[in-house]
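Handing you this structure, nothing more for now.
Chains: A, B, C, D and E, in written order; residue numbering restarts at 1 for each.
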Amino acid sequence: MPATDRVKEILSWYGSDNPGVKTNLYRLMMTGRLAGTGKFVILPVDQGFEHGPARSFAPNAEGYDPDYHFKLAIDAGCNAYAAPLGALEASVDKFAGQVPLILKLNNSDTLSKMDSPCSAVTASVKDAVRLGCAAIGYTIYPGSGARNRMYEDLRELILEGKSFGLPTVVWAYPRGAGLSKDGETAIDVVAYAAMISAQLGAHVIKIKPPKDHIEQPEAKKVFEKYGIATKTLADRVRHCVQSAFNGKRIVIFSGGEAKGDAEVMAEVKELAAGGSFGSIMGRNAFQRPRADAIKLLQNVMDTFKTAS
Amino acid sequence: MPATDRVKEILSWYGSDNPGVKTNLYRLMMTGRLAGTGKFVILPVDQGFEHGPARSFAPNAEGYDPDYHFKLAIDAGCNAYAAPLGALEASVDKFAGQVPLILKLNNSDTLSKMDSPCSAVTASVKDAVRLGCAAIGYTIYPGSGARNRMYEDLRELILEGKSFGLPTVVWAYPRGAGLSKDGETAIDVVAYAAMISAQLGAHVIKIKPPKDHIEQPEAKKVFEKYGIATKTLADRVRHCVQSAFNGKRIVIFSGGEAKGDAEVMAEVKELAAGGSFGSIMGRNAFQRPRADAIKLLQNVMDTFKTAS
Amino acid sequence: MPATDRVKEILSWYGSDNPGVKTNLYRLMMTGRLAGTGKFVILPVDQGFEHGPARSFAPNAEGYDPDYHFKLAIDAGCNAYAAPLGALEASVDKFAGQVPLILKLNNSDTLSKMDSPCSAVTASVKDAVRLGCAAIGYTIYPGSGARNRMYEDLRELILEGKSFGLPTVVWAYPRGAGLSKDGETAIDVVAYAAMISAQLGAHVIKIKPPKDHIEQPEAKKVFEKYGIATKTLADRVRHCVQSAFNGKRIVIFSGGEAKGDAEVMAEVKELAAGGSFGSIMGRNAFQRPRADAIKLLQNVMDTFKTAS
Amino acid sequence: MPATDRVKEILSWYGSDNPGVKTNLYRLMMTGRLAGTGKFVILPVDQGFEHGPARSFAPNAEGYDPDYHFKLAIDAGCNAYAAPLGALEASVDKFAGQVPLILKLNNSDTLSKMDSPCSAVTASVKDAVRLGCAAIGYTIYPGSGARNRMYEDLRELILEGKSFGLPTVVWAYPRGAGLSKDGETAIDVVAYAAMISAQLGAHVIKIKPPKDHIEQPEAKKVFEKYGIATKTLADRVRHCVQSAFNGKRIVIFSGGEAKGDAEVMAEVKELAAGGSFGSIMGRNAFQRPRADAIKLLQNVMDTFKTAS
Amino acid sequence: MPATDRVKEILSWYGSDNPGVKTNLYRLMMTGRLAGTGKFVILPVDQGFEHGPARSFAPNAEGYDPDYHFKLAIDAGCNAYAAPLGALEASVDKFAGQVPLILKLNNSDTLSKMDSPCSAVTASVKDAVRLGCAAIGYTIYPGSGARNRMYEDLRELILEGKSFGLPTVVWAYPRGAGLSKDGETAIDVVAYAAMISAQLGAHVIKIKPPKDHIEQPEAKKVFEKYGIATKTLADRVRHCVQSAFNGKRIVIFSGGEAKGDAEVMAEVKELAAGGSFGSIMGRNAFQRPRADAIKLLQNVMDTFKTAS
């Protein structure tokens, strides 16, 4: 299928990347209901690892089965399905090729307490290759005392990914002793995390919708002096997208905790208005009954489609 | 020997694995009194390392000799015998091929006190290969501050194991500063540990029989809201098996401290009723006189056989 | 273009280096408005990473776009443009060859608090090679408890750089528990940092303009006994240059915070008078409107030209 | 020289080892006054490193010269001479082949205080190979917080040693925060250390003569319940030998501090009666005048010979 | 030039070393005014790194230039010149071959405070090879909590050095939490450091002139019991040389802080009387005017020559 002009434009921002990486970015952008629009709705299912089985799957017990999520992503027309190693390994053989896969290379659980939060690297680039994935995913916690280890692991994984033609999706979640709890979603901090991800070489950046709060005093002065708007979510999304190389990196937003359809759609409209490249929606998808989930996901897709 | 339908079904869950790994899973499932049933009774003898010689072998002094355990596993008709490097090396040459072997790659002793519990990696995948083993075994302590090191070592060992056609058995023992003492066997925590093991790529998961206690407040809410049954051991086993990819990973349970035959059999019946794939029984086997041990092991096997 | 005598003289100080490294030193010295003078004005843009997006680019919002800085460096006639991985990757394909590039291999952000300050290594020598860079850059924090790790990483990067014909620019910023806040820019400390950089094998050394303050009591005695002048900035620059192998290593100075044109020019005159090989000017360049920035940069260049 | 039946029997316990390792075990057992008996008297001289020069060699100043110990071991008819790298390197060229050598791969000194005791790895397997050694030696401190590092280094060294046909002698010295001072030589702890060494793959295990004290409460219960005798040194030696794979690993005992001939001989008689495979005697040998040392060593040898 | 008998005798102590290492030991011993005597006067210039530029070179400002020290070592007739990487790189091309070079592989500065002192490894063996050096130098701090890291790095560097035919000079400076300030130069501690260096495989050992003080109580007892003389510096030097394999390793002494000619010569006479193999003299050489330095160095050489 020939790429649309918008897809070609986006690919042009990755001029230093080899054709293999561009081919997989093409696959992510030319798949599903949003194919060709340059927008993304991705299904991520790492909650089993991150929050435990019951908290993740009891609301919709079909989700205990890894096959379920593959089918959901395919049937809803998502651009990609993202999950940890075990879940992909368990089902990929059955659904090979039907949806682009993103292997989450690192993961954390809530059982241990760590002074400097740092996910464990639980899969390798070679795993992604042998499972036929289209991209790798990696979580950084800017603000953590283990920052260097994460940035440095990521540097090597991005480079190894490129060598196999795999782009990298960075989950940028500010967290750790350097930040207050509110600071984790402050607009200055979230935009900073997007900037760091871009500088580290991320192809796609995933952040949380930022709040109207500024964490760093030096940043506060600048936001005020130069009148950077932060009142609406759309304003804040706009600043984040601008912070990622003036919009020349793909920035998508997570959906967060499960909530009602109306709430989800209201948030998505703001994201779209602010110039987000899309959403990565886990709990709001797989914790709903399958039919509801597909309907909601497609409404989200259509909102982004209209905005493009 | 042609695989039974049940064995073929179980093998079908490991679609991403190479034929070498499947061949060794076949060997584990087509050996001994439970051959073909998809059920497992494994003899593990790492107590010498983990608890010291007298505590392990004084009750039945024949056990000081590594040959003893090989013979016990073979004569009782176990699916496999699992032990640390030294014990396997000492006797394998005499019993080569007579019983599938699982080399425990990491072990801990009780002589040192560590802030973040973490077993030492005391053998390598290449040791398993040169000793003719059918699988490797590795212990993780979810809840420990050394979690990342363990998950990451395991990631590499699983990948190296696969490259030699060896599946991995994960001993998942929650432990460490992130958990209360009771929390180590809480149903939410044990099921979470099973889920983590599955996500890390374990082929076989070994957990302890969980207690009717919920450790994490967020989990408690969910167990109550969705009415997850935890009253009987069978209930709890069922939740653990479901948490391991909806029953598509082999989950077996340890026997724990030595106890009377009746107690052992009562517990095993609950395990079987809850859908456990079997038992891994150490002290309740090798600390009994040989004849009693064989009789008990075979009763346990027959219980699982009936349940299948 | 044939090298000038001054460029040949400077190259003669690098007698242990291979022709590849000398070729890139030649490129740095034979480019832009200062070509052939042996003087340098370099544009560095790592503030997005080091201070966050708004603090860096809100004063002149064109700077959010990585293309902007390439164009600024080219149009102003800088010897080189220095930036982290992501920013170079985003634009290099468009401007390939038009300005020598320095890839900053390590970077820090202000989100986390670390006991022993240490930048993360966020790019590799091989990245510099594939992006066509003329040099690599690396920041050390003499005074930090993580000193050994930084010096040792640098040792390996310099050696790897040489193997690809790339010289190394060392950003030497004293910092950490071994120093008072004032001590970070004390004349004894800054000159010591220049000396350390030279001993570590730096080809170009970048330090901050030192203050008229002496941090170490043992140094104070010596400065007094031997009458080392420290009153004017030119005096202090002279001591720093002498401390870098008696002027036989290229030493350049950073511009620091944004300030008025007059202030910048006054400082630059002192630098030139003291024998500095040039300036590396970031915020005072890219935070001004483009036309003003180019005018200021060229005035700075002309000051160094006159001094040569 | 054809192996005796006893030597063949001992070699049969190492069925997993390659002929190279067996050849070197043969050399250790077929050398010196005890050749063919399966018993060992080894001269170890690492005290220079472990206690300093004067404390080690002032009592018999000839010992400052590394040649002295080679000659002593050869002339007394020891099975082997064990020392750190430097001492072997200094003299081996002169005495090449005349006595089997054991290269102590790790060593500690008393100058620094470490929270978690851990010897430095001061030589490599390849050093042992180039110096013509018959075995490598390694010290573990069960009970130390650095246990994992030691066990893991040992794992790799054993495997590398095997690849060159070199067996491994493990010095097992319980020590560290997990143990009381008395606990370091408690019978339960020393036997446990022997068991750990066997499980780690040691070919020869060297422990201290245990005291009639039990450190761990759980062990105490078991010793009492099953009536494990600990009153005489012979009793305790018997339990240690049993703990090393029921006597199927070579277990030898150290002599400890210098003492009178009568005391040494009394202890050796108990060791022999308990089934020890021999002694490793340093200070009681090299701190005596040469003639006395040879006489004592040979009396010790004869005691073991009689017991075999 | 044929080796003298004394040089042949010294070379005979290195029987385990390959001809490449012996060739470089020959070069060190057959160079300069002391050629053929088996004695050494070496010029070391690492003070710029260790103490800072002004403290090192302000007393004689010619020393800021790395060329100066090459010329000084050549013209005074030293056996070798030792310096860190940068200083050698800056000048070696001009003076290639004219004096044997020792590359100091690790260095420390006084800007940071470290709990466990440990120099940074600032150059590699391969650097020494490409710069045409005759030996490598490495500093250990026995007494530091980072002891293991230093001994283990040294082990690998010695082995790598040998593979290129390079002998190793060990700077043994006791230091760290295990020692009092006085203990750093106590006779028992300095002799112990010499012994450790020898055991680690040093070819040449550099220590400080020890004081008449005994740090360790266990050592004190032995010094008294066996009447080890420590009153004169010559006595103490004798004990140190004996502690280095009974004089079969080359032991040289540093000169310490700058002092008057008479003081220097008095100390050197004691060193020579005690059997020192020579001096390594930095500040007392390069901080004097050139003519004075050459005169003093040659007087020192002549003192050692007479003693041989």
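One rule holds in what follows: contacts are C-beta pairs under 8 Å (C-beta built on N, C-alpha and C of every residue); 3 or more make two chains touch, one makes a residue touch a chain.
Here the structure is a predicted model, which is why all the values come from computation and not from measurement.
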Common contacts of chain B and chain E, by label, are D
Steps in the shortest chain-to-chain touch route ending at chain E and beginning at chain A
2
Please work out the Cα centroid separation of chain A and chain B, and write it as a whole number of Å.
36
Please compute the C-alpha centroid of chain B, do the same for chain C, then give the distance between them in whole Å.
58
Residues of chain D that touch at least two other chains are none
Ring of chains, enumerated from chain A in the sense that reaches chain C first:
A, C, E, D, B
The answer for chain D against chain E in the complex is residues 48-49, 51-55, 58-59, 61, 64-66, 84-94, 107, 109-114, 118-124, 126-127, 130-131
What part of chain D is in contact with chain B in the complex they form?
13, 15-17, 142-145, 147-148, 151-152, 155, 159, 174, 176-179, 188-189, 191-196, 198-202, 216, 218-219, 222-223, 225-226, 228, 239, 242-243, 245-246, 248-249
